[in-house]
Amino acid sequence: MKAWYAMLGIWMSAVIYEAFALPEIRGLVGHPIAYFHPPIAIVTFIAFLVAMIHGLRYLRWNDPIHDVKSSKAAEVGLLFCFLATVTGAMWSKANWGTFWSWDPKQTSIFVVLLIYAAYFSLRSSTPNPDRRHRLCAVYTVIGFISAVLLMFILPRIGFSLHPNDAMMGGGSDRPVRLLFWASVLGFSGVFAWMMELAVKLALMEMKIKEMSQ
Amino acid sequence: MTKSSLSGRKRNPSFWRSIGAIFGKDLASELRTRFAVNTLLLFSVTSLTIVSFSTARTPLTKEAQSALLWIVIFFSAMTGLARSFVREEESGTADALRLTAPAESVFLGKFAFNCVLLLCVEAVVVPLSLIFWAVSVDAPLFFTVVLFAGNIGLSAVATLMAAIVAQTSMQAGLFAVLSFPVLIPLLFTAVRATLLSMDAVRQVGEIAPVIRMLFVFDIVMLTLGFLLFDYIWRDRK
Amino acid sequence: MSTSLTVTNLCKQFEHRVVLRNVSFSVANGHALVVTGPNGSGKTTLMRILSGLMLPTSGAASLEIDGTVVDFDERRREVGFVTPEVHVYPELTPVENLKFFHTVRGLEWDEAEAAHWLRRVGLDARRDDPVGNFSSGMKQRVKLICALAHHPSLLLLDEPGANLDERGRESLSGMVEIQRKRGMTIIATNDPKELTLGDEIVALRA
């Protein structure tokens, strides 16, 4: 396990170093942030996908462990989502001159932020634990599907599209693409690590509560 | 428990009758108390008046008009559509319903009732706003279809969220908080479609895809509701 | 038709409070069972589990009709449940309530039978009043007939005598007698007068 953490640390340091070291790409301003914002946004969606999958597993098996995992994935996901919103605004400023430009991706990230903020207010206002687990699991499913629908719908109803897909596809050079996906992988690792810590902590808290009763 | 009600049972006539019974029961209660419809109509007319009054001097753009129309409809929905479930839990009849009715019928019956309530709101808000804002709708047929499709999606999500908030401790505030982000895809699309239907130069080719998106949302949310409602409705422990 | 209810090692725990521990009993067709126990001993909890509203932490309660176990979806037709926390619709009249519960259960509606039930509990004069305006004993009568009118195989009565007067109690014991002819009855009560309604008594400890 320790070796994994060490590797994750080295990996992320390398990604960060390279992001600043690589020369700027033509037509893509706001240079180093371009290697952080889209990967963080992608990991945000992965986090909420994980939250939904654990939510569905809770509904199937009724085991509180799935609720712990689902809620912790959403918690860490919310942090990533917040970072994605902030880095997105910075990038938008560098690229298009305004912090906020309501392009489909920026809008989706913002709506996802709202969905999961609502998720946590639902959690805190349902005192009965079984009910809380059940209702929250259902909400992760509805919330995720709605976010996916939004991403599907927005470009189709005439929201203006900014060309920021350049890096994922074939349009850019090999090192740029490589670094991009290395960054996605690195941030996914960071997410998995944070989620694991959060789940461990929550399980310990549960045990302490059980013992003190 | 393991045999979930999602399994493909045959839908016999009694299934449709039970939906009808739940819808009819809610309608009868509503006609006697007039609670939800009064709140809905008062709220929608009040907010519409405030908006129209405060913008009387500045002509609204069509973008603003269609956005405001949906904002008024959305918030009116949020004041009244949770009522039928909240009342069910408050008066201790929810368990009676759980014991006697299939979960899917409860969802569809309440959904139908919420659709009708929202239709009442639209029947008042839409003509009034057209008059107040001197809007000209160039494609009235499309406009009606948009209202109809928006109504279905809004009611479907509101019914699900109402069933959720009825089981929590802070019903009124939470309802809008939970529903709004989930409804954003619908609201954005509906505003866009309304705008297109107000504009004379638009072609069918431009409006049709947007309306299709509305129906995609409706179908997805109704399916999701149908599949998930049992989990919202019944305790598993 | 033979029906039976078998409860084996039923346990129920709320968070860390154990309410029911290894409750086992069985009831056969035509029998009535009385469940007693001090306040908070878990009578209502047991009844909720038997009705299907709540799941046990462990153990099982299985209702069998002609050798096949009744699942939750069929229970709605086979079980009738009266308990202090579950109410009928206050905006509707007794007849409308009866009709509503009948229809959502998927059963055919019979006007004449409704009239018969209303007469049995002495409410035919108030048949067109909303239940919300009734006295608590009258509401209890409506709850009773809504749980009975579909001829359940298993009738669960939690404190059925609550708020009932002498005549109400008489018609209650009449109903239990009728129920003996078509299925099982379980009565949860602490009222000494109701203890005699059953053939057997199960006592829960606090």
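Annotations
Going by the order they are written in, the chains are A, B and C; count residues from 1 in each one.
Here, contacts are C-beta pairs under 8 Å (C-beta built on N, C-alpha and C of every residue); 3 or more make two chains touch, one makes a residue touch a chain.
All values derive from a computational prediction rather than experimental measurement.
When each chain is reduced to the average of its Cα atoms, A sits farthest from subunit C.
Ranked by how close its mean Cα position lies to the mean of all protein Cα atoms, the top chain is B.
Inter-chain centre distance (subunit A to subunit C, centres taken as mean C-alpha positions): 50 Å. Inter-chain centre distance (subunit B to subunit C, centres taken as mean C-alpha positions): 37 Å. Annotation: 30 Å between the Cα-based centres of subunit A and subunit B.
Counting partner chains per residue, subunit B has residues 235-237 touching two or more of them. In subunit C, no residue reaches two or more other chains under the touch definition.
By the touch criterion stated above, subunit C contacts subunit B in their complex at residues 51-55, 57, 71-73, 75-76, 79, 81, 85-92, 96, 99-101, 103-107, 130, 146.
Residues of subunit A touching subunit B in their complex: 59, 62, 111, 114-115, 118, 121-122, 125-127, 130-131, 134-135, 137-139, 141-143, 145-146, 149-150, 152-154, 156-158.
The touching residues of subunit B, counted against subunit C in their complex, run 1, 3, 5, 9, 12, 14-15, 17-18, 20-22, 25, 28-29, 32-33, 91-93, 95-102, 105, 235-237. Within the complex formed with subunit A, the subunit B residues making contact are 157, 160, 164, 167-170, 174, 177-178, 180-185, 188-189, 192-193, 209-210, 213, 216-217, 220, 224, 228, 231-232, 235-237.
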